[in-house]
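By written order: A, B, C and D. Residues from 1 in each chain.
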Amino acid sequence: MAILCDKNSKVMVQGITGGAGKFHTERMLAYGTNIVGGVTPGKGGQVVAERPVFDTVYECVQATGADVSVIFLPAKFVKEAAIEAIRAGIKFVVVIPEHIPIHDMLYVREEAVKYGTTVIGGNTAGLITPGEANLGIMPDIAFQPGRVGTVSRSGSITYYVADTLTRTGYGETSCIGLGGDPVLGSTFAEILMKFEEDEKTKAVVMCGEIGGVYEELACEVIPKMKTHVLAMIGGLYAPPGKRMGHAGAIVEGKMGTAQDKLNMLANAGAHPCKTFLDIPDTLKKLGV
Amino acid sequence: MRLYEFEGKELFKKFKIPVMEARVASTPDEVYKAVSEMNIPVVLKSQVLTGGRGKAGGIKFAEGANEARTVAEELLKLEIKGYPVEKILIEPKVAIKQEYYLGVTIDRAKYKLVIIASGDGGVDIEETAEKNPDKIVKKEVSINEDLYTFDALLLAKQMGIPQELAKEGAAIIVRLLTMFKKYDAKLAEINPLVLTADGQLIAADARVSLDDDATFRHPDLADLNVEHRHEEGEMTPREKQATEWGIPYLDLDGNIGMFPGGAGFGIMGNDFVHHFGGKPANFMDSGGGPSPERIAKMLVLLDENPNVKAIFGARFGGISRCDDFAKGVLIFLNEHGLSKPMVFRMTGNMWQEGVRIFEEAKKENPAMFEHIEFHGIETPIEEIAKRAVELAEEAGA
Amino acid sequence: MAILCDKNSKVMVQGITGGAGKFHTERMLAYGTNIVGGVTPGKGGQVVAERPVFDTVYECVQATGADVSVIFLPAKFVKEAAIEAIRAGIKFVVVIPEHIPIHDMLYVREEAVKYGTTVIGGNTAGLITPGEANLGIMPDIAFQPGRVGTVSRSGSITYYVADTLTRTGYGETSCIGLGGDPVLGSTFAEILMKFEEDEKTKAVVMCGEIGGVYEELACEVIPKMKTHVLAMIGGLYAPPGKRMGHAGAIVEGKMGTAQDKLNMLANAGAHPCKTFLDIPDTLKKLGV
Amino acid sequence: MRLYEFEGKELFKKFKIPVMEARVASTPDEVYKAVSEMNIPVVLKSQVLTGGRGKAGGIKFAEGANEARTVAEELLKLEIKGYPVEKILIEPKVAIKQEYYLGVTIDRAKYKLVIIASGDGGVDIEETAEKNPDKIVKKEVSINEDLYTFDALLLAKQMGIPQELAKEGAAIIVRLLTMFKKYDAKLAEINPLVLTADGQLIAADARVSLDDDATFRHPDLADLNVEHRHEEGEMTPREKQATEWGIPYLDLDGNIGMFPGGAGFGIMGNDFVHHFGGKPANFMDSGGGPSPERIAKMLVLLDENPNVKAIFGARFGGISRCDDFAKGVLIFLNEHGLSKPMVFRMTGNMWQEGVRIFEEAKKENPAMFEHIEFHGIETPIEEIAKRAVELAEEAGA
C-alpha cells in the first residue's frame, strides 16, 4: 500500500509539452509511473512520450480517467492550473514549481478544501511510492519499497532520508515532499494522518525546518497516531528567524528556534533525530 | 520585500488611507529646506528596514528648520540594529489622543487573511496580545471573499474607535485589506493608527511587506519608487555579488564553505557541520535545476571567500542534473581554479553521466582534481560532513 | 400557526432611523409586531419608537435576539444590508425597497442559500400574519386571522385577495409579497412549500403575473402538495411580453402569455381564478 | 436599457472584444463621406432597438460611396417593427467562414449567470436551441465566482472554434463575462461571432441590455454616449410626458383611463376591465408611496387623453398613504379640473384621513365632485370595475 498515489493511479502532467515537463514525463514513465496523458492549453492533439496532449484537464480526465496531476508550469500559471485540476475532479495535485505567489496558494487551498483534493507544494520534489509511481523530480536511485513513510519540506532532505532508509533495509512506503514555499498545499498534520491510515506504513519520518508553522501544527495530530513518528528539524544551529511584524507574532505566536520545534514534537510523542544516521537507530529501538 | 515607511505610505495614499503630508530627505540641508517650507513643528523619522527604531533614538522632534538640521545630522550618523540611516521622513508634529493598532497578515495554518485590531496600539502591542488577548480583535477573511463594510464597522467599534469616527475607521480597514489583496502583501500594519487631538484618524506609521514572488503582476510599484530589495537590512559585498547572480547566499562566521544542493540540505548540512564540531562560512541555495554556469559561480563565491578553509559539497540530483553539476564544477576548475580542499558527494538524477564527465576530465588533467575528494551514494552524507570539518581543521592549522 | 413570522418572532428594522423606516416601524408596532430594535450604521445608541438603534446587525442580534429583519433602505444599500443580516444569523429578511440591481440580488441569493435564510422582495409589501405580526408596508385593514395563505408578486393584489378572504370569512394565516422586482429573494415554489408545512393553512392563493419564470417553477411543487393551491395571473389580456434576446429564450424557454401560465398551473393541479370573487367560490367548492 | 449595436460595440472595444473598424452616420451625406474615406466595400446596418432587422431589409451592402449614399437614403426611410431608422453603422464587408453564437444572460430560476455558446450562430439560433439542443453549450457561473480561462477554453472548443483560435475564443468569452459583470448587464449577445476568411474572430453584432437599476454605479457610460432610454422602441407623446414625470405609463387602445395603485393591480385591473366588457386606454403604475403631486400628474395624463371616456381609480394604501392620495386628487381637481366621469375605491393605510379630506373638500365645493363616485372597503373592486365600464359606455354613447 501507499498514500496518495500508487501503480493504479492514472497520472497526468500539466505543462507536458514544456522542457521540464517533457523531460520529467519521460523519467517518470521510465520509472513505471502510469502516466496517461498531459495538458497544455493550445496544444491539444499533440503527443508527448507517446501520451496524448489535451487543451484542458477536463478533456484529459474525460479521455483518460486521470486522477492525479503533476504540474510543471511557470509559477504564475500554477493557480489556474491547480484550480482547473481540482475542479475537473483530480484528487491529488503535485505542484513542482517554486515561488508560487502566496495569495495564489490561498486560492488553490480554498478550492482544494471545497473539493476534497490533496495538493502538495509549491516547490516540492513530488511524491514517490517506490516501485509503483514517481511523481515529480525525485531521483529514483535512493528509493526502495519498504515500510517507512517520509514527509519533508525539502526535496534534498527527502533523498537523504530515503537513501538512509534504503541503505539500512527499511525501505519506504511513500515519500512526500511537502514543499519549500511559505504557504503549502498541505500541512504535515494532513500528510501524517494519511500515513496513519496506511497499514503498510509502520513509521513516518517527518523532516521540518526552522520557520513556518507547519511543524507546530503536526503536534496536534501526533498524540492521536498509532504509527511511530520520527522528527528531524533543519536549522538547529541557525539563529531564530524573524517574524513578520507584530501581526505575525500575534497570529502565529512567538517564533521558536528549530530546537524548540524539535522539543515540541518530542513532547507530542515524536522521536527526535539529529542526523540521518539517528533514523535507523531509532527505528531499531522502536522495533519497526 | 519590505517597504520603507515612506514607501508604505505612498501605497496607503493610493488607497485613500489617510497619512500626513510628509517629505523625505537624505541630507541635513534637504531636511532644513523641507522644514523651512513646512514651517511647523515636525517629527523626523529615520527610515530603516527594521523595527525598534523609536527605542533606538531614531525618531526626534524639531520646532523649526535649524533644529531639524541639527537633529538630522545626528540621525544620519545613526545605525539602528546595524542598518545605517540614509533617509529621513519629515512629518508634522501632531497632538495624539489615542493610538490604535491595525494590521493584516496571513494565517498560514488556517490559510486565511487575518485582520488584527486593537485599541491599545503602539510599541507594546505584542505584550498586549500576550497579556491581554481580549484587547485584540481578530477577523479572518478568505482570500476569495470581500470584506463588507458592516464587518469593518464592527471591528472599528470593537477596537474602540469613537462612534462618530467608526465609519471612517471602517473605511480604513476595508481599504487596508483591499490594498493587501491588490498588491499581494504578506503584511500591512498601521501601528499606530492615531486619533489626533483635532479628531482625525491618521496612519502614523506604515509597515508593509509584499510577496517577492508576485511582483511580476505589479509593474506599477516602480511608479512608487518601490524597488525589489532584501527582506531586511544591508548586504555584505559577497551577498550583493550573489544576489546579482541570483543565488540565495548569506555570510556566516565559520570557515567551511557550504556548497549544497537545495535549500533544505543547505540548512541541515549546516547543522551537520556544527554537529561534527565545525562551523559553516555561509548558507547557500543552488535553486532548482541550476545551470552549469550557476554551479560555477557558486564555487567562485566560496573560493574567493578568505574565511573559507575547506568546501563541503553535496549534490543529490532531483530537478537538478548531476551532469550539469559536473559540467559546472569543470567550468569553475578550468576558468577559475580551486584554491581550497573540497569534499563532495554526488548522486541522483544523471549521476552516472556526472561521474563519467569527472573521470574523463581527471584523466586529461589529474592536477586539476588534486584538492578534490568525490563520493557517490555508498558514503553516508554524515561522513562527508565529518571529512569537511577535518579538512578545514587541517587547513586552518 | 403561520409561516416565516409570528407573534414570537423578534423583528428588527434596517434603516429604522430613516423617514420610511421610522414611519413603518411605528405602524408595525401599532399592529402588535414584536419589534425589538433597529440598525442604522453610524447611529448606534439612538432610540426610535422606544426601540434601541445599533450600528450593525451583529450588535442588534447580540443585544435583542432578533431573528427577522425588515429592510427600509435606498436600493443601492440593500445588497450589503441583506448580506449583513444573513451573516448575522437572521433567518427571514424582508426587502421592501424596489429597483434593487439584479446582480446585487444574485449576490444576496448566494448568501441566503448558503446560510439557509429566506429573503423576500425586493419591491415587496412584506408579510402579514394577521393578529400577530405585520412586516413591511401592508395596511392592516384588509387582514384577519384565518385559514388561507396568500403569496403574490404584487402588494396591491395581496390587499385585494386578503380583502376578499376577510370579507368572505376565510381569513388568512400569512400573506406574503414575493416582490415585484425581476429577480426575487424567493420563488413561489419555496413559499408554497412553507405553506405546505403549516398545519393551519388549508389553501394558498398564489397570484402571479405575466413575465418572469417564477410561476412556471411553481408547477414543479404543486403536484406534491396536499394543501390546495388557487392561482390567479395578472395580464390575461395583455400581449405576450418580450424576451431578452435569444439568450433569454434559450435559457428560460419560449415566453408564454398569462393564459399559458394559468393553464400550466391548472395542469399542475392548481385551481385557476379570474377575479377575486372567484376565490371564495373556489374555496367553497373545495370545502375549505 | 437596451443599447444600440454601435453602443454595444463601444463597450466591447473597452473590453478588447474584437470588432470591426466602423463609422456611424445619420444622413446619406455622412454615409457618403464615411464610405469615401473607408474606400472599401461596406455593409450598412440600420440601428434600431429591435431584432429581425436583417429580414426587414435593414442591412445592405454597397461597393462604393455612391452606392452607399443611395442605399442609405432607402434605409433612413425604413421603419422596422415601427421603429424608424435614424442611424446607420458602416462596417467593412468581410468574407465569413463560420458564424458562432455567444451570449451571456441571467437564469432567474437558478439565480446564475449563464454563458451560452454555439457553433451554429446567426438568425436561427433559437430554432437550433429548440431542434438541436446538443448544438448549444451552456455554462452556469455564480455571480461571486470568476470564470477561469480553462472553462472558457473548453467552451470555445465545444462551440467548434478551431484549435488554433481556441485561446482567442476563450479570451473573448472571459471578456464578455467580465463586461457583463462590470456593467450590470442583463444580456450581452454576440450573434454572430464570425470567423473571417482570413482567420480572425470578430464580433459582427452586439446586443447588450443593461440593468436600469444599476446605472448609478456606471457614470462612465455617459462617455460612451450611452443614455438612459426605453427598453425597446419609441414612445407616444403621452408616454414621453409620463417618462419625464417619472411615471411608468403605456398607451393602450381602449377608452377607460386606468388610475391604479401599484403595478400589480395596474395589470390585473386591466384584466378586470376586459372581463366586464371594457377596454383600458392605458397601463399605469403609481410607484411606491407616490406624492400628492405625482397623483395629480397621473390624473392629468388621463384627463387630457381624448380616448379616455371614464376613469377607474383604485387605491389600497400600503406604502402609499390614502391622505396623500386624497391630497393629490384635490390638487388635480383644483389646478386642472376633471372633465370625465371617475369612479374609485380607496382603502388601506390612512384611509379615514383620506375620506375626511374628501368630505371636507366636497362640503366646500360640491360641484368639483360632480363627476366623482367614491367607495371604501365595503365595495368589492369588481363592482368598481363594472361601474367604470358602464360609465365609459354611457360617455361613449
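Heads up, the rule we're going with is that contacts are C-beta pairs under 8 Å (C-beta built on N, C-alpha and C of every residue); 3 or more make two chains touch, one makes a residue touch a chain.
If you're wondering where the values come from, they're calculated on a predicted model, not measured in any experiment.
Counting hops only between chains that touch, chain A reaches chain C in a minimum of 2.
When the interfaces B-C and C-D are ranked by how many C-beta pairs touch across them, C-D comes first. A separation of 57 Å divides the Cα centre of chain B from that of chain C. Spacing of chain A relative to chain B, judged by their CA centroids, is 26 angstrom. In this assembly, the C-alpha centroid of chain B lies 58 Å from the C-alpha centroid of chain D. Residues of chain D in contact with two or more other chains: none.
Shown for chain C are the residues in touch with two or more other chains, of which there are none.
Against chain A, the residues of chain D that register as touching in their complex are 148-150, 153-154, 157, 163, 166-167. If you check the complex, the residues on chain D that touch chain C are 51, 101, 103-109, 111-114, 116, 125-126, 129, 136, 138, 142-144, 181, 184, 186-187, 189, 191, 207, 209, 211-214, 216-217, 231-232, 260-268, 270-272, 274-275, 283, 287-289, 314, 316-319, 347-349, 351, 377, 380-382. Chain A contributes residues 20, 24, 27, 75-76, 96, 98-107, 109-110, 113, 123, 125, 137-139, 141-142, 152-160, 163-164, 167, 180, 182-183, 187, 207, 209-210, 212-214, 216-217, 232, 234-238, 242, 244-252, 258, 274-277 to its touches with chain B in the complex. Contact residues of chain A toward chain D in the complex are 41-42, 44-45, 55-59, 80, 83-84, 87.
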